[in-house]
Amino acid sequence: MSLDAAAPKPNWLSRLAHPGAFMGWSRPVLLPLGLLVGLLFALGLWFAFFNSPADYQMGDTVRIMYVHVPNAWLSQFVYGVMAVASLGTLVWRHPLADVAAKAAAPLGAGFTALALYTGSLWGRPTWGTFWEWDGRMTSTLVLFFIYLGIIALWRAIDDQLRAARIVAVVTLVGALDIPIIKFSVDWWNTLHQPSSILTPSGPRMPGSLLTPLFIMLVAFTLLFLLLLLVSMRTEILRRRADSLSRQAVGSA
Amino acid sequence: MSAFAAIVARELRLALRGGADALTLVLFFVMVAAVVPFAIGPDRALLQELAPGIVWIAAFLALLLGLDRLFRDDDADGSLLALREAAIPLEAVVAGKMLAHWLLTGVPLLVASPLLAVLLGMDSAAWGRTALSLLLGTPALTAFATIGAAITVSLRRGGLLAPVLMLPLAVPVLIFGAAMSSGGDGSGGAALFLAALSLVSVAFCPFAAALALRVSGE
Amino acid sequence: MSAFAAIVARELRLALRGGADALTLVLFFVMVAAVVPFAIGPDRALLQELAPGIVWIAAFLALLLGLDRLFRDDDADGSLLALREAAIPLEAVVAGKMLAHWLLTGVPLLVASPLLAVLLGMDSAAWGRTALSLLLGTPALTAFATIGAAITVSLRRGGLLAPVLMLPLAVPVLIFGAAMSSGGDGSGGAALFLAALSLVSVAFCPFAAALALRVSGE
Amino acid sequence: MAAMSLTAPPPNALPPQHLEVSGLGLSRGGRTLFEGLDLRLGHWETLLLSGPNGAGKSSLLLALAGVLRPDAGTLRWPGGERPLLHLLGHESAVKPRLTLAENLGFWRSVNGPTGMTPGAALEAVGLGGLDRIEAGHLSAGQTRRLGLGRLLVSRRDIWLLDEPTASLDAGGVTLVAGLLAAHAATGGGAIVATHDELALTTPATTLRLGLP
Amino acid sequence: MAAMSLTAPPPNALPPQHLEVSGLGLSRGGRTLFEGLDLRLGHWETLLLSGPNGAGKSSLLLALAGVLRPDAGTLRWPGGERPLLHLLGHESAVKPRLTLAENLGFWRSVNGPTGMTPGAALEAVGLGGLDRIEAGHLSAGQTRRLGLGRLLVSRRDIWLLDEPTASLDAGGVTLVAGLLAAHAATGGGAIVATHDELALTTPATTLRLGLP
């Protein structure tokens, strides 16, 4: 039941992915990655606040975009990561995949919450309301629900090996379903009411907005990777700890 | 710990440990209400107008559909049989379970209500009224749900029977609740009715439910 | 009798004998629809406009919130363990139970729909569309419910978790269902999507559910 | 508890009694199980119910506990109305999601803290040291032992036990015999439906139901 | 079935086998139950699992049935991959709402009609004539007997039984011994976890788990 039980296969990927090896190589990576993230954020924020024009109609609130869009993008990207990890759990039965999936869920929920929050903050000045049943917003909300459900599922099963496989089933069902949800919601909204509500469209953006946006996108994505590594490490340590304590209880 | 407190504590423990932790409870209500617009369309004005009704229907369905879980496990694992010999009368046991059930449904519903308000575009006044109406009305719903659960157990047939038995009883709660939260001129009276209804049904429920449970053994 | 047929037959027997769930579901469904006007006020025009949405919400919640009955008893009394050794694969067993579950939920909803139509003042055209949309959509809902039920079992006492997992996943069914039955210009497309959704999810569900059940034993 | 056994009755005194049943008739599902059944349960006494499967042992226990309504006959409780008693059915009334200590603690608070502490009770039924484990992780026999623990955390004069030794190992059977002896030694009475041979050290009578 | 027992092996031939297990290690809830366990189940053989409560008997059966995933070790089935077998757990897989005949009829169709008819099976487990009663009206022991009936309506070479005699009366225990003997006589193998003494007439080995 110990995580290191999985025998490392010859190919390099699974050698890296072996929990023991992972703990080895991930530690030295953390610090430089952290520095890089910090640097990118500094740069991106400087651009965002001092070196990009205020929007002619949205005014300074346009700067919310630099936080909003990266979070919105991560809300979907993280789920992708979880889906891949779930494949790893079900197909290759890889313990590290379990850990990755478990660690990613709260992060994904967090980014999605931020996307929702910044989005609705943005909505207030632009549309005069915190919430609009706009397709994109709604699908993000549903995605948020899915994240929370998955987190609750993780917490509901105490045997982590079982939990991993069951959650993996749900995550994959979700992975098939989320595109359908996204599509259906867009279709729904445009069906029920005329496209009167302004739907934010990217391409119309001038480059002066795009550069900082791009930097922030990269910064947030790297931030996610950093947090993922950290929480995976803590999760692995936690599991080693309880399997030891459980043995103790049992022999008592 | 007093016997009554012990029962409440156990119910809470079981619910919060067994799969449905507090997060899930709140989430559940948010979802049930958030799902409605998908069916009736995203038209803000309409949603705003219907919001109180939607919240109340969500509460109503959530409470009634979840109810048969209330005594089923205790019946299956022999706890119900043992509880007949408790140091407190079966009525008190039922009251304890009812209180716990309310804490596990009514309270999360209240917690969720601000979110619902945002999603359904209620203004703060409307939200206040709705929350208050829930506070006044959910005890009555819980009481009816408890009776329904007891009957389900004693008939040894679960499923939707209990909700069906209880729906007619619970309709007045829904009416007054919706009336109060939509805040017409009648809303003051509705509030009174709700409060009265809750008091009466909560006082009455333990006896009815305990009666049903006593019969259930045979 | 073939193994598959035997499973369907048993489910039907159990449901129809123990608590006549089919009937109660109809009643429940009708009552929910009957209750809604109380919550949103008696405005007839509004009701008529909302009718399809109301019907769909009732179906949606009735199916997804009632789901945990599907495997729970078989797990508790050891049948699930024994069914792993059936002459047909567990996937087929799940498919059988899913079919039975649909016959016991989807069909009653269809039966009840005319009543709802009357209660909510739908014209016959609207009713036809709604009934058809239920026919196309309920299989998908059943499939989601089945997966949810399989997961509940592996949690032992699932509580509200399974609905919380499955409600958001089933949103498209609700959207297309309501769209189709409200019969706007998009309703043709909605019908297609609904049918496709049902096909895919019904084809996919047995594997996901069986996987969850296999894990659940551990 | 050995000390308590000093309270055993002087040999030539008719011991007082917990329960006297006369002319009891019971039927289930339209079938008559027995009629005109008489029994008495004295202090310091254990009454063993034996008989083939389906004889009516469990049903009799339920009737005595007032769960089933008999067709005929009277139950006489010396105190006047029926005292609270311990009823252990086929199911052990254990909550899988709670730890062993929580399970017993609950019953102790609900039935009255008149017996051992949960920890001591767990020791007594051979589950010592497992306090913090979830009951759902127990084996069949361990679960039954936990069910027996309920009898110890609150003191009740009368025990009605339905197959207390179900799925217990040999050690468990002697353990049950020991519990019954200790209970009898304190003046308690017990009616026990069982298929196993309980080697009891205290006065015990056997009632065979459903003779073929 | 007596006729079939003619197929018993010539004394000096090594009987073929149903299952060979080597180096099996199993842990539950993070606790190791056993490691490096070897066992083989031959034709005509009955393997009795004994041991104290919590030793791991049920877990071993579940592992052999592929329900629990062992930490280590290999199961070798002569046929190559694992054949279908009969698994009787602590619960009897009986539906209270169905009649006895319906219960067995269901299992017969699902597991394959390769054994007795439901009526014959009910006779064999001592429930003859109760075909039309709802299983929910059975007593504990009668329910267990009905559970045993499932083994008879479909023929499977390997039986994994977890406490088949739980809550059975003396007659029931000998009945189980008889069923096992008949099964062995047809070349079948059985692994039986039990706390009772089964007086078996056919070759039986005993494996004690969890020696203290």
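Think of it as A, B, C, D and E in the order they're written, each chain with its own count starting at 1.
Note that in this section a contact is a pair of C-beta atoms (placed from the backbone, for glycine too) under 8 Å apart; a residue touches a chain by one contact, two chains touch by 3 or more.
Predicted model only: the values in this text are computed from it and were never measured.
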Shared interface numbering between subunit E and subunit D [over half = same, under half = different]: same
Identity of the chain that, by mean CA position, is farthest from subunit B: E
Chain pair with the most C-beta contacts: B-C
Between subunit B and subunit C, centroid-to-centroid distance (C-alpha), Å: 23
Intercentroid distance (Cα basis), subunit D paired with subunit A, Å: 57
Centre-to-centre distance between subunit E and subunit B (centres being mean Cα positions), rounded to whole Å: 46
Distance from the mean Cα position of subunit E to that of subunit D, given in whole angstrom: 31
Two or more partner chains touched - positions in subunit C: 18, 76, 155-158, 161, 164, 167-168, 171, 175, 218
Junction residues of subunit A - those touching two or more other chains: 145, 148-149, 152, 156, 159, 188, 192, 249
Per-residue overlap in subunit D, given as positions that touch at least 2 other chains: 90, 97, 133
In the complex, subunit A residues that touch subunit E: 1, 5, 159, 242-243, 246-247, 249-251
Subunit D to subunit B touching residues, read off their complex: 62, 65-69, 84-95, 97-98, 102, 105-107, 109-112, 147, 150, 154, 156
Contact footprint of subunit D on subunit E as seen in their complex: 28-29, 51-54, 58, 90, 133, 137-142, 144-145, 163, 166-172, 195
Subunit A residues touching subunit C - in the complex, by the definition given at the top: 90, 142, 145-146, 148-150, 152-153, 156-157, 159, 161-162, 165-166, 169-170, 172-174, 176-177, 180-181, 183-185, 187-188, 191-192
Contact set on subunit C toward subunit E in their complex: 1-3, 5-7, 9-10, 13-14, 17-18, 73, 76-79, 81-88, 93, 217-218
